[in-house]
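Next come two complexes, and both contain chain A; in the first it sits with chain B, in the second with chain C.
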Partner chain A sequence: MNNMTLYVSRDSPVHRVDPMTKLLFVFISITSTYILSDHLAVLGILLFTFFILLIGKVFKSILPVIGVSFLLIASIIIVQGFFHPDRATVLFEIGPIAIYKEGFLIAFLITLRVVNMVAAFGVLILTTKPDDLVEALLQKGLSPKFGYVLLSVLQIIPQMVALTGKITDAQRARGMETEGGIWMRFKSFLPLLGPVVLNSLTETRERSIALEIRGFNAKGNRTFLYERKNYRYSVPFRIALIAFFLAVIAWRVIS
Partner chain B sequence: MSVLRVVNLKYKYPDSHRFALNDISFTVEKGEFLGIVGMNTSGKTTLCYALSGLVPHFFKGAYGGDVYIGDMDVLSHEISEITAKVGLVFENPFLQMTGAKFTVYDEIAFGLENQGVPRDVMHERIRESMKLLDIEGLQGKNPFSLSGGQMQRVAIASVIAMQPDVLILDEPTSQLDPEGAEEVFRVVEKLADEGMTIIMAEQKMEKLAAYADRILLLYDGKLIEDGKPEEVFSREDLNEFGVEPPVYVKISRALGLRNEMSGLYPISLEQMPTERDIQFHPVTKTNNGNTTSELIVRDLHFGYEKGQDVIRGLNVTLSGEPIAIIGQNGAGKTTFVKLLKALLKPDTGEILLNGAPLSETTAAKLASRIGLIFQNPNDQIFKHKVIDEVMFGPLNIGQTGEEALANAKEMLALVGLADKADENPYDLSLAERKMVAVASILAMDTDVVIFDEPTMGQDVRGKSKVQEIIHSLHEKGKLVICILHDMDFVADTFGRTIIFSNGGMLFDGPTREAFAQEEALRLARVEQPNITKLVQRLGYDRIILRATELI
Partner chain C sequence: MKKKRMWSLQFSTAAFVLIPAAVGINFLGKLFASVLKLPLWVDAIGTVLASMLAGPIVGAIVGVVNNVVYGFTTDPVSFVYAITQAVIGLVAGIMAYRGWISNVGKAIVLGVVVGFIAAIVSTPLNIMFWEGTTGNVWGDALFATMLAKDMPLWLASFADSIVVDVPDKVVTVLLSFLIFKGLPKNVKLMYDNQGEIERL
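Presenting the complex of A and B:
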């Protein structure tokens, strides 16, 4: 059954880490790759993120997402490799087009950063139950409305996929061709966007009634059903992460 | 003191010129069970919204008069304060799940967390309400993985846990299959027995007649009558307000059985007199002899996941008179019609349309020959204007713009929505959207028309319109196949019935014989039509399908 989340339910050490520590990891992992401009260092960080995904037993689930971002990555490589202002050394040629080394290296660095960003968010989203994450943030003082929006964003991709399937069926049922080659699929995808968004909005209105009925906008203090268990290693992990981050900044300043 | 008091309530939705509620006054005492009846658009839902503060706080609009809950007036308090005292459950079970929680247990906690209920009290109340609604076994499940009946019970539990003084139910079973509806009615009865004040809008009059202490009859935003169920349901002019009395009243009226003292008709089985002899003249629908298209299904197998067959080896020939398919949710009925329409591809076996295998074509190419009206119109409708929605199919299958427009207008008139052609489908009620979906398929003038639960959410008038449509399609020589949960409608409309269970057919034959198959009906978890049950309980060993068969 479709659970409408990206969360992958597994039993792993990564799943047990508390959401705030994971959030800190995401932040530090991503910013570090932007502070550093050394290919090897960035590659190292990326490999470490992959390593965490492997421990969390969710490495396979991140691959399709990286696959989707490949379109973006490919365009970066082409544009940077082809047009970078410092281009001087031809790396290789594809027919009449020359790809230059300088641009290619920059493109490669950006690619590593993008992949790392996707993977780091993967660590957070694939191994943390969305409600746990949002509740951890609420307890830190985030407004419940913003928390709900965040939660909806986390569910939006699986929801859109489900809705798209339904509407495609509706269109096929009335004579719109969606089967066939990639061009046919692409052509039939565009008219889908309108209805998918419109449908989501209608559902949103009714769901907001459901929220109102359950006192979502109540003023006064909220309580939480579960006590957050303090994760045993969260302090050492956080210290390690911050120490790493300080080292990265220091290295950057010195070199 | 009254739990609820409504004084001269008037209300208009924003951008509307018509009063959705027009000068309504009534009171509700603690522990009362109040039923609200009326056709669609009579104002039932709006009244439910007004009692729970959504009108005017959420919907805005023009508001006059007063609603008091205890001594609190709705107008000057916020929704969150009102919903602490009034719980509301509405039609669509799916949209009542907040989506913020991922287990049933946590879902019930959502409202309590918002109210700031202490943790230990919260756990206690959640357990209590789960017990009351008999959903303890579901507590670890994801709410979205449940069936409609289960989801609706979770919705009621979530509201009950907040300990409201009044529980309002707005057609809580209209989107459920018979068993799901029965689950919900069972818990409503239990809550009523425990002394909860309940207000319920409902189309299933037999149920209201059985539970309600009082009935409000609404029509066009006005309160027509506020009285005992016997009084309201004995009104001779009830049909003019788009309300059908319980089957017992219909039969008693046909037989002239009135309580001599009060002049009222019996409204429940217990009140029916037993001494009266009844004569029968069963009417068998005759096939009009028109030849229709023919669908032949041979050894059909299908599963969404490997090793889990939803359809298990079906063999059937569909042609001739209109055919009803009945059976429990999850029996594979919808999957079956999607296979007939080639929206799904069989794993093994084949389907032939007039001798040609469906596997050689696509759903889109079939569009001009087989039309399928989806169960949920929201899954089917995707245009911003009703007329565009209805013209979408005809244009796709090659009708010219003029033809398509003419067809679309004709079909909208047929379903009674001619004046709504330029509106946005999403501004219409669910029942109207369902009719838009019907019109958009009929406009394609296909040889085969498949309906997936056309009576869902329809009032009496809607149902009789659907019935007319089915008859006229048959007259025109079309093959009509219909999935239904409304057994009274099946009995009244169809000559041939297929009982579906667990991916296979338990019975295929004349409707009168179908409703005699007690074992098959039990396995498929469907009930006999109300009138059939009634005649049998009165001691006659006959299968009666319509009130007109009694003398």
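Presenting the complex of A and C:
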């Protein structure tokens, strides 16, 4: 229950790359697919992202994450395929309904982009421990207070989910209905959420006192508990990524 | 004076601790909505509650952190909507400070306004990233019908967002309002920048 993240612990070259470089990769990979509108080019970027996931030995773990976006992808294909405003050429017909070529091509392009977006984030999320990412951001100058906020969310949510289980049981023991018609289910929303919210808000009081005592508001430079990890090849990777991005922009401007 | 406090960037420790708790509340709202199989998301209770308690800036930060963390743990698509959540927090916070949470009627108005603004912010994102669909079955069915009648894309997409966002945000704001009214005074005062007594 204490593992909120999608991080997959493996030993691979991708895991050893600097988190900031991966962040740059995510940004460039996604914006490139939106700058380019050529199917082959976008497909190429997607295949490259998949290739990196394969090197990182996490390709299998991305599939359920893509599955979460399945509904979005399905509705894009259906809605754009049937109803895109520029529809003219009929691609093929299923019974009385016709799928149009223009809409289908656009739906295909968007699907590639969405899958690439999820996969590119996957490269970062699946191969980087959140602690390492936040640490890298802190070293780049993120306020330590925000670093605390980001990491403590990951700890607090499992605690709150556990508390929720207790409260649901307690309310059921008192005879609250959590099943039945929609109005019945809706009515049970507040008695479930109320106690959890109250409890967690009162807890913030104790937590902030505890933080104050440990110098949360202290001024001056922070030191790091862990030594900075030695990431190799960061500079050549970044130069390659930026060069690629400039080439994409140049291509778009010319064509 | 009031305005200055509303936009204060000097957060107390309590406000910083409120942010993770509010993100957790968002998460639970979503969890309960899916456990109880409600046809809404209700995933912004924490954001709205935080902006009622600690002002628009904290609310906006909760919104961004919420979607970043959600993107990291479940669904990367939610990174796209970080801006929407931030604006929800901002609007709810400003209106709450102007007194729009004094009674139920005003809270419903606040919900409608937040829903409309959420839809206005989401529509360009939807069009830019996925040509107008939202992934919500009811909204997309309306979107498809409007496109079939040759209405403009932006209008159809806006309607798609509106039918989903407005009822959802009204319920969200109403629930946050009820919880907010039920909070004990010492909890409310903790995040308030006005009083010096409870300041940590």
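In this text, the second predicted complex is superposed on the first by the 177 of 255 C-alpha atoms of A that agree within 3 Å, B and C clash if a C-alpha of one lies under 4 Å from a C-alpha of the other, contacts with A are read in each partner's own complex, and residues count from 1 in each chain.
Definition applied: contacts are C-beta pairs under 8 Å (C-beta built on N, C-alpha and C of every residue); 3 or more make two chains touch, one makes a residue touch a chain.
These figures come from a predicted structure and were not determined experimentally.
Novice: Could you look at A:233 and tell me whether it touches chain B, chain C, both or neither (first, second, both, neither)?
Specialist: In the superposition, A:233 contacts neither chain B nor chain C.
Novice: Tell me which partner A:6 touches in the superposition: chain B (first), chain C (second), both or neither.
Specialist: second
Novice: Go through the superposed model and pick first if A:51 touches only chain B, second if only chain C, both, or neither.
Specialist: neither
Novice: May I ask you to decide whether A:130 touches chain B, chain C, both, or neither, giving the answer as first, second, both or neither?
Specialist: A:130 contacts both chain B and chain C.
Novice: If you stack the two complexes on chain A, which partner ends up touching A:217: first (chain B), second (chain C), both, or neither?
Specialist: Both chain B and chain C are touched by A:217.
Novice: Contact-wise, after the overlay, does A:114 reach chain B, chain C, both or neither (first, second, both, neither)?
Specialist: The answer is second: A:114 touches chain C but not chain B.
Novice: Do chain B and chain C touch any of the same residues on chain A, and if so, which?
Specialist: In the superposed arrangement, which is not itself an observed complex, chain A uses residues 4-5, 130, 148, 152, 178, 194, 198, 202-203, 207, 209, 211-212, 216-217 for both chain B and chain C.
Novice: Within their complex, state which residues of chain A touch chain B.
Specialist: 1-5, 129-131, 134, 144, 148, 151-152, 155, 166-167, 169-180, 194-195, 198-199, 202-203, 206-207, 209-225, 227
Novice: Once bound in the complex, which stretches of chain C touch chain A?
Specialist: Those in contact with chain A are residues 11-14, 16-21, 23-25, 27-29, 31-33, 35-39, 42, 45, 49, 61, 65, 68-69, 71-77, 79, 128-135, 137, 140, 143-144, 147-148, 150, 152-153, 175, 178-179, 182-184, 186-187, 190, 200.
Novice: Within the complex, which stretch of chain A touches chain C?
Specialist: On the chain A side, the touching residues are 4-6, 34, 65, 68-69, 71-72, 75-76, 78-80, 82-85, 106, 110, 113-114, 117-118, 121-122, 125, 130, 145, 148-150, 152-154, 156-157, 159-161, 164, 178, 182, 185-186, 188-190, 192-194, 196-198, 200-205, 207-209, 211-212, 216-217.
Novice: Could you pull out which chain B residues touch chain A in their complex?
Specialist: 52, 54, 58, 78-81, 83-84, 87-88, 90, 92, 95-102, 106, 109-119, 122-123, 142, 144-145, 158-159, 162, 338, 341, 343, 362-365, 367-368, 371-372, 374, 378-384, 392-393, 396-397, 426, 440-441, 444
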